[in-house]
């Protein structure tokens, strides 16, 4: 019997606590999807970074703006959308924090971590003009078995 | 600095796992709102019962139907709305499971528990015609201090 | 964390030790099967040890009631042992406390059949 | 579970033992204050013991980098001790592993200043 949620939507206010809350729901669903502990942590941290950016940059800490998080358990991967009500951004404009001249700046590592911890990562313009970060992690097929 | 979420919306599919997931979010927010462990459990169980009814009776286990849960941290109480896409029900039609003739029936105790564990409980017709269960629990003022 | 169950026989009474949650989809079906299986095999004195049951929902309560009824219908008896505070409160609220024969001491519970 | 910190002096080095999470709003501000306070009071050899730090986000990483920079600017040094697997992985991914002087042995770390 498959009783895994296929799609969970969470709408949050622009508040610090929303970051941890979204992360916890993400970890919970990653577990339900069959991801191991290490992947659960990685998915959780990616959600954390995505929602933190929506909080800081997208919605500029304006409490009344919403952060919209959608978790989808597709047949081959878990897909996460984080949408804010800001003005969006383009991935090309984010400086590479691993370049020598950027090594010592405080910021720029959130996108890097999301890319490193997830298999897919992209940024779209959301419906309301804000950023929509879409990231996905594929299920790991246990050795010798067909993909789940 | 108050960083408690004031409003969290969760949209779930009609699946068994959605019951526990909604309950966990409810407990998490009850904790953020400052409720003690016993009240967290009671709020969690009330959410559990409300979502379970949406799953069973409202949406009749039809996966594609949605269960909409809204958590609001108002200034004096935590308010929870559970809305389904069924045909609704009236509280007057629910038999009292504590009556002698109903003592040994299997069902009818969900509403009783929600009423017992929360301070307010009512059922409305939701926007789409389904049931909207609204329940609330007041914050406990620590002895000698003004209500939070 | 779902439900774990194991059975023992003491003086003609079947003690079923339950550990975990009894909720819809997470224990309630197992509990029903266990109760029916025992009664259908002629083990008519059932004592449910709920010491390890920390969480019960209305489905779980309904399953207890239904087991109680089925036992009676088969000429047997179903009693409860070692309720946690939470479970005891749930039985009080639903007035089921007055329906069940509830014990805190296993030996006395076994002798009560 | 937020961040707990306590400081010790060993051979002229200030060892700051950190325990908990270093994330936005949950430890990162405390860490910054601690680093600045020590440097501003002339304690210029700082060794952050991260043994108890199980979770770090990009804000926490930024705080480490900013502390490192501030120490340098004050003629001091900030080094890291006892990285957990998770923290070590984060420093690898962000290439910060090559920036920091990282130790696994406290005595050797203290002597390295």
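Chains here go by letter, A, B, C and D, matching the order in which they are written, and residues are numbered from 1 within each.
The criterion applied here is as follows: a residue touches a chain if its C-beta (ideal position, glycine included) is under 8 Å from a C-beta of that chain, and two chains touch if they have at least 3 such contacts.
No experiment lies behind these values; they were computed from the predicted model shown.
Visitor: Where the centre means the average of the CA atoms, what chain is farthest from chain A?
Guide: In terms of C-alpha centroids, the chain at the greatest distance from chain A is C.
Visitor: Between chain B and chain C, what's the gap in Å when you average each chain's C-alpha atoms?
Guide: Centre-to-centre distance between chain B and chain C: 27 Å.
Visitor: Indicate the whole-number Å distance between the mean C-alpha point of chain B and the mean C-alpha point of chain D.
Guide: That pair's centroid distance is 44 Å.
Visitor: Two-or-more-chain contact residues of chain A, please, as numbers and ranges.
Guide: Each of 3, 16 in chain A touches at least two other chains.
Visitor: Which residues of chain D are in contact with two or more other chains?
Guide: As it turns out, chain D has residues touching two or more other chains at 25.
Visitor: Spell out all pairs of chains that touch, sorted by label.
Guide: Touch list across chains, by label: A-B, A-D, B-C.
Visitor: Hey, which residues of chain B end up touching chain A in the complex?
Guide: Those in contact with chain A are residues 3-13, 15-18, 21, 24-25, 28-29, 32, 63.
Visitor: Which positions of chain C touch chain B when the two form their complex?
Guide: Contact set of chain C toward chain B: 23-26, 57-59, 61-63, 65-66, 68-69, 86, 90, 93-96, 99.
Visitor: Write out the stretch or stretches of chain B touching chain C in their complex.
Guide: 16, 19-20, 41, 45, 48-49, 52, 56, 97-98, 103-107, 109-110, 112-113, 116
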